[in-house]
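Here come two complexes built around chain A, the first alongside chain B, the second alongside chain C.
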Partner chain A sequence: MFRRTAGFFTVIFGVLLLTFLLIHLVPGDPVEVMLGESASTADREQLRTDLGLNQPLVQQFGHYLGKLAHGDLGQSIHTKTPIIELIKTRYPATVKLAVLSLIIGLAIGIPLGIYAALKANHWQDFLVTIVSVRFSAMPAFWLGPMLMLVFAVWLGWLPVSGMESHASIILPALTLGFGLSAILTRMTRTSMLEVLNEDFIRTARAKGLSENIVIFRHALRAALLPIITVVGLQMGSLLAGTVITETIFSWDGIGRLLVESIEKRDYPVTQACVLVVALSYVVVNFLTDLLYSKLDPRVRFGA
Partner chain B sequence: MLKKSLLMMCVLLLAACGKPSPEVSEIHFAIAQAPLNLDPRYATDAASERVNRLIYQPLVDFDAASNPAPALASWHAVHDREYRFVLNKNRALFHHQTQLTAQDVKATYDSLMRLKDSPHVAEFANISTINAPDENTVEFHLKQADKHFPAKLIIGILPKGLIEKEHDFSHNPVGNGPLKFVGWQNKLTLERISDKQRIALQEVKDPTVRVLKLMRGEADLIQGDLPPELVKYLETKPEISLKTSIGANFSYLGLNMQDPVLRNLKVRQAIAYAIDRQAIIEKVMVRNTRVAGAILPPEHWAGNANLTPYDYNPGHARQLLQEAGVKLPFKLVYKTSTDAQRVRFATILQAQMRPAGIDLEISSLDWGTFFEDVKQGNFQLFGLTWVGIKTPEIYAKAFGSHNFPPNGFNRGRYTDVELDKLLTKEDWPAATQRIHAQLPYIPLWYEGQFAAMKKNISNYSPKPDGNWDDLTTIARLATKSSATISNHAY
Partner chain C sequence: MNRWLKYLPSGLLLFWLLAVLIGRMLDIAGIGLQGNAIDLGAILATPSSYHWFGADDLGRDILARTLRGVEISFVVAVIVTLVTMSVGVLVGLLAGFYGGKIDRLLMQITDIFLAFPGILLAIAFAAVLGPGMVNLMIALSITGWVSYARLTRGQTLALRNRQHVIAAESLGASVPRLLIKHILPLLGSILIVEATYSLASIMIAEASLSFLGLGIQAPNASWGAMLRDGVRYMLVAPHYVLIVGLSLMSLILAINLLGDQLRDKLDVNSSINQH
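Entry: the complex of A and B
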């Protein structure tokens, strides 16, 4: 556990250092972004001094860490909004969308995967495989507008996009959830097929246990480990913000904020977003590892 | 497990679907890009400037020919370094119900000169002092004579009391314009002072989604930034009305004049002759798009209607390249953004230039990288549009020999002593003629403006520079169909 925690903080420090260096080494100048193309050299130099950009990089990094320790992420160059406020409004939106997408993905993917495994090499299995392959091949920029057309414009059941009503989250969550369910269906099917051929399943059936208990208590539990790996990775990606889906559905999440900040060269916002995304990945990985040990007692930290 | 999952999904769906919008009378305007900053001292993006025109009022605005015209005040030059402005007697109150006075004007421009991180600071560096001798009079004293000075006073006026309290105008603007700020949570809501009509501006980046929102009734109005096929699709819809106008925003190809091949005038002429502007305008542009000759359109007071367009002539272009001693095919890298319409133009240009012997390689970059490359001079050819340009000083900033970035917009690093003289003399017809002949850029077109709206929306028309001034008059007709639409709106 100690090694894990130490690793966690090492990764975070590495991310901080890397994002700081990347932002300061890529072409472009925050002062120019602020003052535009007509400012005098004297004004530029004055602002550069005021912002501490003339100081050595080590000193700037130390200053950045000091501010970070006090929860100060700076402010957006363009909107002058404190970045912590941007993160506070954008990140929960992404988490909400990610969690609902994951629920949809799990709710469709795992039952369908189990069903396909139980009906392996029958027409039902082929049908599930075809549908899941189709869904995994549909990009969000196509599936999103199609869902809008059907459920919003033709049927009039749901809003096209935006965040005004609770219903607004359904279409983006379905767009992400369908793609995720296709991956989970394939993974669950493969994993279940392997487990169903194991001796302990044959033993359970020979003992006369009901099929439901064999499938859900014995087989699924054993098959869950690779599924959790995939879920962990997918959740990390979802929490990093799904730029295309967020953009199409006008969903004000962290992914959209990150991409917009890169486009506008809003360096402090980019830096903060990368930090949050990296933290999300690290935390999700950490939780995934914890879940491993719960599901399989053979997996122990530090072992 | 399957049953539980399905049950959970149904509950979520039901919970989510059961809330229709309470704001049925709001007019919804779906925009491609949300404003970045509602403090006029910081705003530079088009969306912020368009909204700020509605919330605040400047001292000076422009008439149809882009001459400076009185807005909050009329003026006269006391001498060449002093201007006196007298505020209109019937000026509106600030939205927090205080009277706008000369002190507010002085405080606004004083604060602007003090700000160290405003992109507008350089514009006002020539101001020496500002006096407000009485409630209605403001005097600007300049360091150097500037006869175009009034045209620069287009920053919205802020209340002095709030400036002193360091009020956050960026997110909570207070002006004395015809619309006042209500709130900004996912959408920007404004309220018209005259009749309390609320207007909500919501950013919807994807053009297809903007059209779907209009069709669905979630948006009442969209303007510009649509590919022509979507505009044509909307034209077929009986519930949508489409209005167009000529445009004044100038699209062009920028050339790097430090490139050894592009420095040759014949090569630049060859590129100009290798583009079939008329075909592009007819096939892939919205209605009312016009072939352009100079940054300022012919109807501008400093416009030049006598510039002969470069017609498509790939044979002549090829001949010019051969005369210039360029080995064919001539490879040229064209940088553009990742915007779908821009990439489409690039592929059309590539096809049109091929018969002329130009092998155009397209380099499509994210906006930040692309614009950074343009400013750094790291390009051969790029495509951009000048938006909202009102004064002819742009020619000096864009082509003056001393205006290379970061001291101006001469991104092509063009030097021309002859042109510098004409710019100094402010001989705009001769200067635009010289630029047109020397081709430090390749003029393309002024893209037509259009707005699409539900049939029950009236009193709104697009404007040549794309501003949203008609939000001061827009109205929703109370019809049976609009009530039906509103009931569906979320």
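Entry: the complex of A and C
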């Protein structure tokens, strides 16, 4: 337990350090890149002081951490809005999208995976596997436009993009959810196949339990454990996947904020978005780890 | 699998490579359609006998641009794979072989890189480095070596105590010799499988970054940028996004299926990649 927690904090420290260093990787003078060549010397000096770029690196990092501890992420270069306010307005939209995608992914992936495992090596299994291979090979920037083309342009059932109506979330959520379901289908299939060969399943069947009880109460419960880890890991990819999906569908979440900030060269905002997404990922993974060890008595920490 | 079906992935891949090659040769010979040639009379033209795949928003031939896109994407993927594999394997070998403090430090660093989900870190690096093909490759390389390092480290750890390694060591073999002659060859098949999958994932990453405007810059063709333009003109010219999308999918699918076949053939089951 201690080692896990210590590892967790080391990683968080590393993430902070790496995001902090980002702005120093800008080729040439970051201030000039951000403000453009036409900016006055006074403006440049002002920004340099604001960002603390004229201090030694170590001191800058300390300063950065100190500000973070007070919930201060700096301010946008262009609008002068505190970045924390931007994040607060955008983050909920991303979480909403990610959670709905996760639900879609689970609702499709787990039943399909069970079905494929039960029909292992029949044509149904082959079909499901091919489809899931196909889906996981399809990145968001492919699937999104395709779904948009079919459901919004050709069929006209759903809005093309934006956030005006409640139905607007459906297409971006499907885009992310389908990708997730592909991975979950394969994981569920593998995990179920493994469990179905175990002794306790044979025993359960030999006892004369109905097939439904054997599959759903005995096998699925054991098979779900590895799936939880995958869900945790995928939750992070979901958060990153939102960058592209939100851009396609004009969904005003943190991913779109990131892209907008890059286009405007508003690096403090870019930095903050990267930090928030990465930290969310690390925290979700840590919680998944904890949950996993709670659920599986075989997992002992430090082992 | 069906007797013929199993040749589908490699066949498809070969088809694309040949198409790129032929397109390139026609380009050099000055025959056929130039990818960057603007034809204002053919803006967003639908597929025809002249423009097989139609034309884009500047009247440029989509087929020619798709082929250029494949070529650039492939070049980027191969270079980035070579770079990331070399660095990753070296780090993994050292960490796995020496263990102890070096191992812990190196793994701590990879942990930090892995804390950034998906292509987020590549996006961040590409954003601060600025757009362009070289910066794109740098961004993808900085973030891509980690999975090779983890994979190699795990394998090396297991191979380190194999008898042939210990025997060679006790006969006085140097560390580089042990690593290169006695451990690396055993990693061959697992690395080949991993590299195949990573070709596909780097092509996807390249297209994603170009989609966001961070990768290949105009007038050069890139699938990501073409898809973005296709989305923009979806209402008036749905063929654009559809054709580029289907082409991209067939290529990525072919590479991934090839990876699956290689994995089965070389009997590698511990690939960390879950494509």
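We take it that the second predicted complex is superposed on the first by the 269 of 303 C-alpha atoms of A that agree within 3 Å, B and C clash if a C-alpha of one lies under 4 Å from a C-alpha of the other, contacts with A are read in each partner's own complex, and residues count from 1 in each chain.
One rule holds in what follows: a contact is a pair of C-beta atoms (placed from the backbone, for glycine too) under 8 Å apart; a residue touches a chain by one contact, two chains touch by 3 or more.
Since the structure is predicted, the reported quantities are computational estimates derived from the model, not experimental observations.
J.: Considering only touches as defined above, state whether A:Arg3 meets chain B (first), chain C (second), both or neither.
T.: neither
J.: Looking at the overlay, what does A:Val243 touch: chain B (first), chain C (second), both, or neither?
T.: second
J.: Kindly classify A:Lys207 by the partners it touches after superposition: chain B alone (first), chain C alone (second), both, or neither?
T.: In the superposition, A:Lys207 contacts neither chain B nor chain C.
J.: Would you sort A:Glu263 into first (chain B), second (chain C), both or neither based on which partner it touches?
T.: So A:Glu263 meets both chain B and chain C here.
J.: Taking the superposition as given, does A:Gly14 touch the first partner, chain B, the second, chain C, both, or neither?
T.: In the superposition, A:Gly14 contacts chain C only.
J.: If you stack the two complexes on chain A, which partner ends up touching A:Leu25: first (chain B), second (chain C), both, or neither?
T.: A:Leu25 sits against chain C, while chain B stays out of touch.
J.: Name the contact category of A:Ala278: first (chain B only), second (chain C only), both, or neither.
T.: Once the two structures are laid over each other on A, A:Ala278 reaches chain C alone.
J.: According to the stated criteria, A:Pro139 is in contact with first (chain B), second (chain C), both, or neither; which is it?
T.: Touch status of A:Pro139: second partner only.
J.: Which partner does A:Ile183 reach: the first (chain B), the second (chain C), both, or neither?
T.: Touch partner of A:Ile183: chain C, not chain B.
J.: Where on chain A do chain B and chain C both make contact?
T.: The answer is residues 27, 145, 148-149, 153, 247-248, 262-263 of chain A.
J.: Under the touch definition given earlier, write down the residues of chain A that touch chain B in their complex.
T.: Going by the criterion above, the answer is residues 27-28, 32, 34-41, 43-44, 46-47, 50, 78-81, 100, 103-104, 106-108, 110-111, 145, 148-149, 152-153, 156-170, 216, 247-250, 252, 262-265.
J.: With touch defined as at the start, can you tell me which chain A residues reach chain C in the complex?
T.: Interface residues on the chain A side: 7, 10-12, 14-15, 17-19, 22-23, 25-27, 33, 133-134, 136-142, 144-146, 148-149, 153-154, 183, 186, 236-237, 239-241, 243-244, 247-248, 258-259, 262-263, 267, 270, 274, 277-278, 281-282.
J.: Taking the complex as given, what residues does chain B use to touch chain A?
T.: Checking each residue of chain B against chain A gives 1-2, 5-6, 8-9, 12-13, 15-17, 19-21, 36-37, 39, 42, 44-45, 116-119, 121-123, 125, 168, 170-171, 186-187, 202-206, 208-209, 212-213, 215-216, 218, 366-369, 372, 375-376, 397, 405-409, 488, 490.
J.: Over in the complex, which chain C residues touch chain A? Could you list them?
T.: On the chain C side, the touching residues are 108-109, 111-112, 115-121, 123-125, 127-130, 200, 204, 207-208, 211-214, 224, 227-228, 230-231, 234-235, 238, 241-242, 245, 248-249, 252-253, 256-257, 260, 274-275.
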